[in-house]
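Two complexes follow with chain A in common, the first pairing it with chain B and the second with chain C.
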Partner chain A sequence: MTAIPIERDTPLPRPRTRALWLILPAAALLTVFLLVPYLNIILISLRPTVSGAAWGEGYTLANYARVFGDDYFMGVLADTVWLGLKTTLICLVLGYPVAFHLARTTSRWKGLLYVFVLSPLLVGLVVRSFGWLILLSGNGVINQLLRDWGLIQMPIALMNNTLGVTIALVHVFLPFMILPLIGTIQSIDPNLALAARSLGANGRTVFRRVWLPLSWPGIQAGCILVFVLTLSAYVTPVMLGGPQVKTMSVLVVQALVDNFRWPLGAALALVLAGTGALAVWLFVRAGRPIMRGME
Partner chain B sequence: MTRLVIEGLVKRFGSVQALKSLNLDIAPGELISLLGPSGCGKTTTLRCVAGFEFADAGRVLFDDVDVSVQPPERRDIGMVFQNYALFPHMTVAQNLAFGLEMRRVGREGIAQRVRDALRMVQLDTMSDRFPRQLSGGQQQRVALARALVIEPKVLLLDEPLANLDATLREEMRFFIRDLQQRVGITTLYVTHDQSEAMVMSDRIVVMFDGQIAQMGRPEQIYAQPENRQVAQFIGRTQLIPGRVQARRSEQLIEFKSALGHITAPGAAQLGAGDAALLAIRPEAITLEATSADAASTPAGSWHACQVERTYFLGGTVDHVLTCSGGVSLIAQTAPAAALAPGRSGRLAIDPQQIWVLPEDRV
Partner chain C sequence: MTLARWGASLFLWAVYAFLLAPIVLVVVLSLNAGELLAFPPQGLSLRWYGALFENEGFMRAMRTSLLVASFATTASLLIGTAAALFVVRHAGRQRERLRMLLMTPLMLPEILTAIALLFFLYATGIGTRTVTGLLIGHTLITLPYVFMNVAASLYNFDRSIEQAARSLGAGPLTVFRRITLPLIKPGLITGALFAFIISFDLFNLSLLLKGVGMTTLPLQLFDYLRWDFDPTAAAVSSVSVLMTLIVVLIIDRVVGLRSIRFG
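Up next, the complex of A and B:
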């Protein structure tokens, strides 16, 4: 038998640190427009709330105690996270087949399909929300059609509730799910699916054991984007949720603008950001076993 | 062991006919190479056997069972891809276990068979590595083990050595051939590398343009090409046009060309008066130096010639020669017997190493 020599893996040389100055402009931008404001918000959230001024003297944790101690705030936080999870899951289920098709198609209509995918982003936020108002309201297009066809007598509530908000959010955030998925799915060698078939796996097993785990980087990126964007969405919940639907960002704006209670608003905003970061961290951790062999 | 039969396979891609009624009968345990240039239909044939493509007409039979309409997962095949197609998110052991899990082998059975298969390809210490932590040659052997561990009816190899460097490729030829014979599995091997096909195959199928150009043992394909395409594709053949003068016997043909009369073995269908080609390989020519005056009077079967250029190839030297009659030939000698460019010499052609084949009209 022939002995085959085992090659030694030689690590690639590290990139030179000389190129470090290339990130300076971006770093400066982030420092001025993200880091400094964030630190400022943290400081404000630690100030006491007083009447007649934006905040009082000294530092306190009272605002956080207020947020965490209040069932109403905690309820809204839970609703917001739940809305984020729902929107993310629906986007994933709807977006994956589209991304899979777009990644693998050789059709000459591919460019046009991309435009369709991106179309929600081509319309301004307010205009898009008004579009949904026209479709979803009590005497809107959908309810009238259903009534004309005799399917319903009374209009069904499609907006001024979480349903309307979810529909509109899924619509606008779908591209943020689809685009990272396309990139990942395109990088998967289609021979892997054939190899799995040759080893006896049927279509469903191939999807579960090959496509899905190898799409994980894209699933992760898309889910994080949609989840974070949903948590911080403001205009859509306000316009389609009406007075009943409260999300954390709505509360933050209320505290800051309507009630002029900056420290409380800052604390609410930071609790939301912290919750989002925690959720993302848990999600990434949970996915780590799937990513083990891939780099 | 399984007998693999391909009957009248036709495959079209749009207006392109990739396979034009292909017939093959592969004996149990035999290794057959499909050899040909890219686009000749060899990979399409393999994919039809695997079930990745479905033929427009014809049948694929494993031991007289028609599998033509079955999906790949029901065919019981082992496939090795050119890029190996190892699952990057699974360890070596998990890659091997995949096919066994699909066959519902128990946990202990899987562990045992994976261990045996890895030992067979000398990778027993690598079972917990991920594919990207392996070298190309190791990945290749994992792919081989993954295909064989399920003990399939037929082993299909699609240019498995094309991505390896030259030294490793030569070692792997013997490795795969040895393994195939030990396991005794019917194997279809697609390659465009003729020396690979020569070394590894029981029989070679040379394909051009969706059809079989010639099928036979490697020695046959090399020494007795049936047509111009095969002669030119295999080895370095020089074709001298001429005419059959007479048939001397079952094998021997008297042939007349610019090199004069020569009696050589040739294709059976040739008869007197037929246009034909004389196939001469560089190693069939013996070259000798002559003094200037002797060159003008060649005797017997010797032809006078002039050395135009030489190429040193390591083990041998190629001489580009111009012969009497204006014929240009390439002759091969050992470096010690090489002639300098510009020298005159004489050459003799070994009648045992040449072959007369029909001039096909293209």
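Up next, the complex of A and C:
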């Protein structure tokens, strides 16, 4: 007897092509307004930057040469990547215990705690950054409290520097770390940890050999999300960094909106995206041994 | 041991407080009776909400934001639901690949998508002077939210109910209207609410794609904060916080917060 291949979930033997119209609008939208524009932006980054027009005639690598040859651009790129790494790491350290707690707790407050994590995500970026502005500014709430308690005489600089930007970015992107982690940790069978315990492993070993490798997919997803989002963040660095802190996105918007140098802006944005993709790739590669159980 | 437990719970509460503090603070300060954004507030009053409703700039921006968010939600709902139906039920072996493709707008950096669209609209002559750019961009970004929520409700769908209806003589349209639609309603509602909120808060994309002389609420607030630092800004922010809260409550009622999906 030969096995007849049966496709699951398609019990009615209808030709699939008849349903194609369902996907057509989405396919058209994504092709025309995402795929084509992305191909187009690559072409434009290869156009000469000229004054008086959006871009010049012919093709050149001058914009990329300009970006890679300029110490200022490279410095800002390095700062941006560093900011991304810092933010991601802090989010992981703060987010993992919260995700672990939310995934495992049986408390009746679970729903409310979930709202605490989810709501910040749904409140606009500008609003949240504004909240930090009120907290961190020179006459802000934190400085005022510290002064009232007599801990400081002069206000300390909590914003218009990288510190303020980092604090606000961690706040803005922390839910993106916690949510994927909750999903992964929930799907881990707690009996595995118990089994390891009964076989003589101590708490630290159980974490390192059971929880960490099994929750790695969530850690990876959360880290990638936070890192990529931080790299392209614009609002928060501008609002809390002031004129001192420059990130790549700020330079990109400057080149595009303020200086009307589109091809240069396109090259800057693509170099930033390429750097992000490279970092993500390295991170995924480095994580493979952990996935295999940290032998 | 108990000390470690205390430490752990202190840490957790500190993180929760960190997540909520700036948002709660903004709402509290919007109710300030005084002239300044000062803490603690000098008495309670709704005067800054009055100031907000008399501020023509904010009101116009809010109308634009509501219009764009409504359009993007409707468009995403139609396009995303159809796509989810295809991907879950008819895509066969291409299912995973198609699912990833439909999620791409979410995974690409928003600012790069915004630039790419800006250049494209300029190059094709669709134009960057009208609201069209905003409508297209917002639909593109909100599509994955509708898609993933509707697809999730379709995965847990018992299709034998549909077949039963068919065998009892119902036509395909009747089956869709009377069986499929009611059963995927939670996914539709969650997806739509998410799409609306995400669109309402979108910044980078709106910054680059807004037409001449046009502005959305987040952009207007951002501009306002450059020059003014008074409780009107807090009142605007609180309106957006309130909206979020309502949405979260509705989602919790309809499907339960824990079933929300990210990616």
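Quick note on the criterion: the second predicted complex is superposed on the first by the 262 of 295 C-alpha atoms of A that agree within 3 Å, B and C clash if a C-alpha of one lies under 4 Å from a C-alpha of the other, contacts with A are read in each partner's own complex, and residues count from 1 in each chain.
By our rule, contacts are C-beta pairs under 8 Å (C-beta built on N, C-alpha and C of every residue); 3 or more make two chains touch, one makes a residue touch a chain.
Everything numeric in this text was worked out from a predicted model, so none of it was measured.
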item	value
Chain B versus chain C, judged by how many residues of chain A each one touches	C
Partner chain(s) touched by A:180 [first = chain B, second = chain C, both, neither]	second
Touching partner for A:231 - first (chain B), second (chain C), both, neither	second
First, second, both or neither for A:151, with chain B first and chain C second	neither
First, second, both or neither for A:205, with chain B first and chain C second	first
Overlap of the chain B and chain C footprints on chain A, listed as residue numbers	7, 9
Interfacial residue positions of chain B with respect to chain A in the complex	50-52, 71-73, 75-79, 81, 83, 85-91, 98-99, 102-103, 122, 130-133, 135-138, 141, 146-147, 150, 156, 168, 171-172, 174-175, 178
Residues of chain A touching chain C in the complex	7, 9-12, 16, 19-20, 22-23, 25-26, 29-30, 33-34, 36-38, 40-41, 44, 54, 94-95, 97-98, 101, 111, 113-120, 122-128, 130-135, 141, 144, 171, 174-176, 179-180, 183, 221, 225, 228-229, 231-232, 234-235, 239, 249, 252-253, 256-257, 262, 265-266, 269-270, 272-273, 276
Sites on chain A touched by chain B in the complex	1-4, 6-7, 9, 189, 191-192, 194-202, 205, 209-210, 213-214, 290-295
Contacting residues of chain C [partner chain A, same complex]	8, 11-12, 15-16, 18-23, 25-26, 29, 37, 39, 78-80, 82-83, 85-92, 98, 101-102, 104-105, 107-113, 115-120, 122-123, 136-137, 139-140, 143, 147, 159, 163, 197, 200-201, 203-204, 207-208, 218, 221-222, 225, 233-234, 237, 240-241, 244-245, 247-248, 252, 257-258, 260, 262-263
